[in-house]
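The same chain A turns up in both complexes below, where it pairs with chain B and then with chain C.
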Partner chain A sequence: MSQAILQVEDLSKSFGGVKAVSGVSFELMENQVLGVIGPNGAGKTTLINLLTGFVRPDRGKVLFRGQNIAGMKPYKVANLGVARTFQMVKPFYQLPAFKNLVLPLKSPRAKQLTGGRYGDRDAVAKDLLEEVGFERDSWVIFKQASVLPHGYLKRLELARCIAMAADLVVLDELFSGLSLAEVASLVPVIDKLRVQGKTIIMVEHRLRELFRIADRVMVMNFGQKIAEGKPREVMEMPAVRGAYLGSEEEGA
Partner chain B sequence: MLEGVLIYGFINSVLLVLVAMGFNLTFGISGVANFAYGALYIMAGFLCWGLLNSLGLPYWLAVAVSVAAIALLAGLLFRFVLLRVRGLVISEVIATFGVGLAILELFRYWGFIGFEYTLPVWLDASFDIGETVVDGQRLIMVAVGAGLTLFLWFFTRHSRIGRAFRGIAQDERTALTLGINADLTAAFAVAFGAGYAAMAALVILPLGTIAVNEGYNVLVNALAVCIVGGLGSTMGVIVAGFLIGYAQIFTATYGETHWMMIVSLAALLVILLVKPSGLFGKQKELEERI
Partner chain C sequence: MARRLERLDRGIKVRSDDVFALNSWREMLYIIAPRVLPVLLLLVLGLAATPYWQRVIMQACMIGLLAISWDLLASVGMVSLGQALFFGIGAYIAGILDHYAGLGPWLTIPIATVGGAALSTLLLLPVLRLRGIYFSMVTLIMPLMIERIIEATKIFGGTEGLSGLQPMPHALVEIIAAMAVVWVALFSFNRMMSSDYGLILKGINDNDRAVMSAGLNIYLYKAQALFLAAGVGAFAGAFVTHAYQFVGMPVFALDYSILPIAGAAVGGMGTMSGPLLGCFILVPLNELLRGLGGMRTVIYAVLLVVFTVGLPEGIFHFIKRKYTQFERWVEVEQ
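Now for the complex of A and B:
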């Protein structure tokens, strides 16, 4: 029987007069994949920032394995086992691709999990890069991140989360800016994470691919949760159609 | 004469690298431009002077205590002043500049002016290098400069805090997602940089007197070297230190001594016109890419 790994209660955050996230509550079971969708400016990224400690909530709780992590510093959240990616990629630009993973492989969390016996981290880093779709025996893994194409940097973001050995992985628009083929090659990687027992939150605009992966989908608009359920069912809901298409029911 | 110019150019270059390294280290890691740098430098001198002349501590102990105290003070400056304005670049500059100004002018107000404020040389001897006579203190300064540069290189590559330094230097938000405590690391970086300033002061000041105005000169020299080299780049500091260091000595030898300070400022102006990110600066390249 799986249990809730994350319980969010009445989470709220305003910037000036704008309610970026307002009274959002939801639960996430262990090993589930939750998709978060909504129009631009719906508060999806703020929600992620609230979950991972980058923004302090005005009110509400975020219980990760029963512990309230709302307002906790980002590095402490990371050490508890919550990893995230950034929509605008943020690699260590001056390090080679594989060295970007050596840092998380030597992180305080990794030390805690391995007892300081890390093994050959360079080799592990290269394995990880291969797993997310870098060609192994090629020059790509040795290139500085600053010269890598966007597609590789997105993969690097994902690999960093895997390297952190997180239990909850939060992906902020991982698929944005990627070609159809690139997205198609990443879908199995995420499936594999689920098989390994990870719990995943995905903020996405690429609905077709998201619906293939997600168990549940939560829809946000103007900072509020307007719907939650199975992917296809959610898209049939009038409120969701209204938010996305601006349907005539809205005015009725 | 050329031999002398080459040797003294080398010594002057190491002096500039030594003076700029702490400022560069702090900026490169935490993004804080510590404008109290010159004041901390001078304060280390006066503190050591006080420990020697009032408390009568042994010289080596006075040096160690001064360096530790200045580093601690800078760490506290970060914790209680800079942390509140973190990320607001202008506020950081104003805050550190204000603190530096206050420290230096307080020394002036309290009457710390005069030729009696000197530190003894570490080694009272002179050596012949070819036909040029060089005093022991300058040789020690070269050794300390080389030692501190090497230490920095090893430290940032082979220690846990050093790797954390490099992590937050490249992207603070990403470092946070890896469980690195960025605020604490930045506090260390500020303290570490100030410790380097104090170390530089205590090995350089025995060559002259401890003067309040030197605090401003040190800041200008450190800024010039860091900006010409490219803020945050250790290699940049070394190359720029040698460029400006030799240029100053050539100017003093074949031109006029009082033009020495002009050289750093001229180098600063030229680099800002030609390549604003500095010789080894990476800031701009990355901004263009994003």
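Now for the complex of A and C:
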């Protein structure tokens, strides 16, 4: 087994009196896919915000390749190689789809990796869009992001992570709001990321697809990690069933 | 049978961004005319006008610069209600350098432009993190605050201001320099906004979190945009100071904050040309109505409302649409 790319220790964050994330610890090996599941309000998105610098933790460490990135500014985290998508898609609405990728391609990280020579930037952007499933020779890549359908905007989010050449990709409910067919067409894209050696954290509600992709699954409830393990095993655990279906006492 | 207005792009087909494949003089003219004609028109007006109207045109240029500066900030998501801050700081730096050190306009104006930009950026640096209305409120307060500081501490001439400053070398130099700077600012900022750098700035307006997650430091970019915009405003202040040979508290007045925004509302924001056009309409209009005394403000306000309601997109966007697209009614089946 290769070494850990991400080590999270005792990560906690409260908003007012609400413990959004409390005492979460886990480890992620290089090139693994970790699924994070849990009921609404379990703290999954806060966890992602903590990992990517958008929220400063009250306590705890996030070690990315041994370096503590907890509380670091988001752009610095991104330049270290941790890219994320947003659950509520955040494209640059005024810009055409392919121009959306100019920004990540202009980032210090992307510049450094290409030695400042990324060739024809627009062509690179179009290649990236093709990689996530935009039709290459169609008008859709020239369309303003504000008129693109939701499915394409999700792909655009993913393309931004790829453009950042991230080592750790954090996907916040990538599949939410997509049709079965759209999800099915995105699964191979994620598989490909994995083949390229990237490590992936997926927060997801679509369990069937998630279980097909993920090596391990972590279950959260009320800000705490309540279980972790192989997908099938996790779903057999009583605590997990309780969180999802209500405990036996209440549910029966 | 229902009808629907169809709009189709006119003009040049082979085109990508700003590279045009021109096939004829006609096409060349189509591209160049809207850029060159306003420049020539203003030049002729400026040279032919009486000294009084030359002053009005100069003033329109300066308010226009403030409007360009406002639009630049607005397109990065910073809506400034305090253009007077930049204007006033530039004006006072020029005034102080001239009054106490005797430097002429050729030195004070460049120093005031850069120094004013730096000082304004420093003053607003702590509030760069604020978004939307919070940023606007701080910018609104800043110039008024400085005005009171000058009044209370009686520095730099206090309420009297500094007068007897060195004038611009010649009226002709004054008007031509004013126009030249306006066009340089307009075209270079427009060019900048369509470059990659401009894309980043627009991206910050669209979605700052996405820019952060693209590994870019948005505060750095915001500070740079602020520096550029403040520099343009400070130049206008310094220029006016020497044109009127006087600098005083009124340079921080609300007028200099409101007029550029009114210009943007009338002309149409987002292109820099729109707000500039708006100022070239509003400032001379203001002068024309001067004869009406107290009723001037009322008529001015009514006109402003009419413009805003009648053409919410702004005059510039309206003209641009008519120029670049042709319209026709097509029948649609129900």
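One rule holds in what follows: the second predicted complex is superposed on the first by the 247 of 252 C-alpha atoms of A that agree within 3 Å, B and C clash if a C-alpha of one lies under 4 Å from a C-alpha of the other, contacts with A are read in each partner's own complex, and residues count from 1 in each chain.
In the analysis below, a contact is a pair of C-beta atoms (placed from the backbone, for glycine too) under 8 Å apart; a residue touches a chain by one contact, two chains touch by 3 or more.
Note that the structure is predicted; figures quoted are calculated from it, not measured.
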On chain A, do chain B and chain C fit together or clash when superposed? clash
On the A-aligned overlay, A:Leu95 touches which partner chain: chain B = first, chain C = second, or both, or neither? both
With both complexes superposed on chain A, which partner does A:Arg216 reach: first (chain B), second (chain C), both or neither? neither
Quick one: classify A:Thr52 as touching chain B (first), chain C (second), both or neither. both
Looking at A:Lys13, would you say it contacts chain B, chain C, both, or neither? Reply first, second, both or neither. neither
Both chain B and chain C touch chain A; at which residues? 52, 54, 73-75, 78-79, 83-84, 86, 90-95, 103-104, 106-109, 160, 164
For chain A, which residues are in contact with chain C within the complex? 52, 54, 73-75, 78-79, 83-84, 86, 90-95, 99, 102-104, 106-110, 121, 160, 163-164
For the complex, give me every residue of chain B touching chain A. 160, 163, 166-167, 170-171, 173-182, 282, 285-286, 289-290
As the complex stands, chain A meets chain B at residues 52-54, 73-76, 78-79, 83-84, 86, 88, 90-95, 103-104, 106-109, 146, 160, 164
Where on chain C does chain A make contact in their complex? 196, 199-200, 202-203, 205-207, 209-218
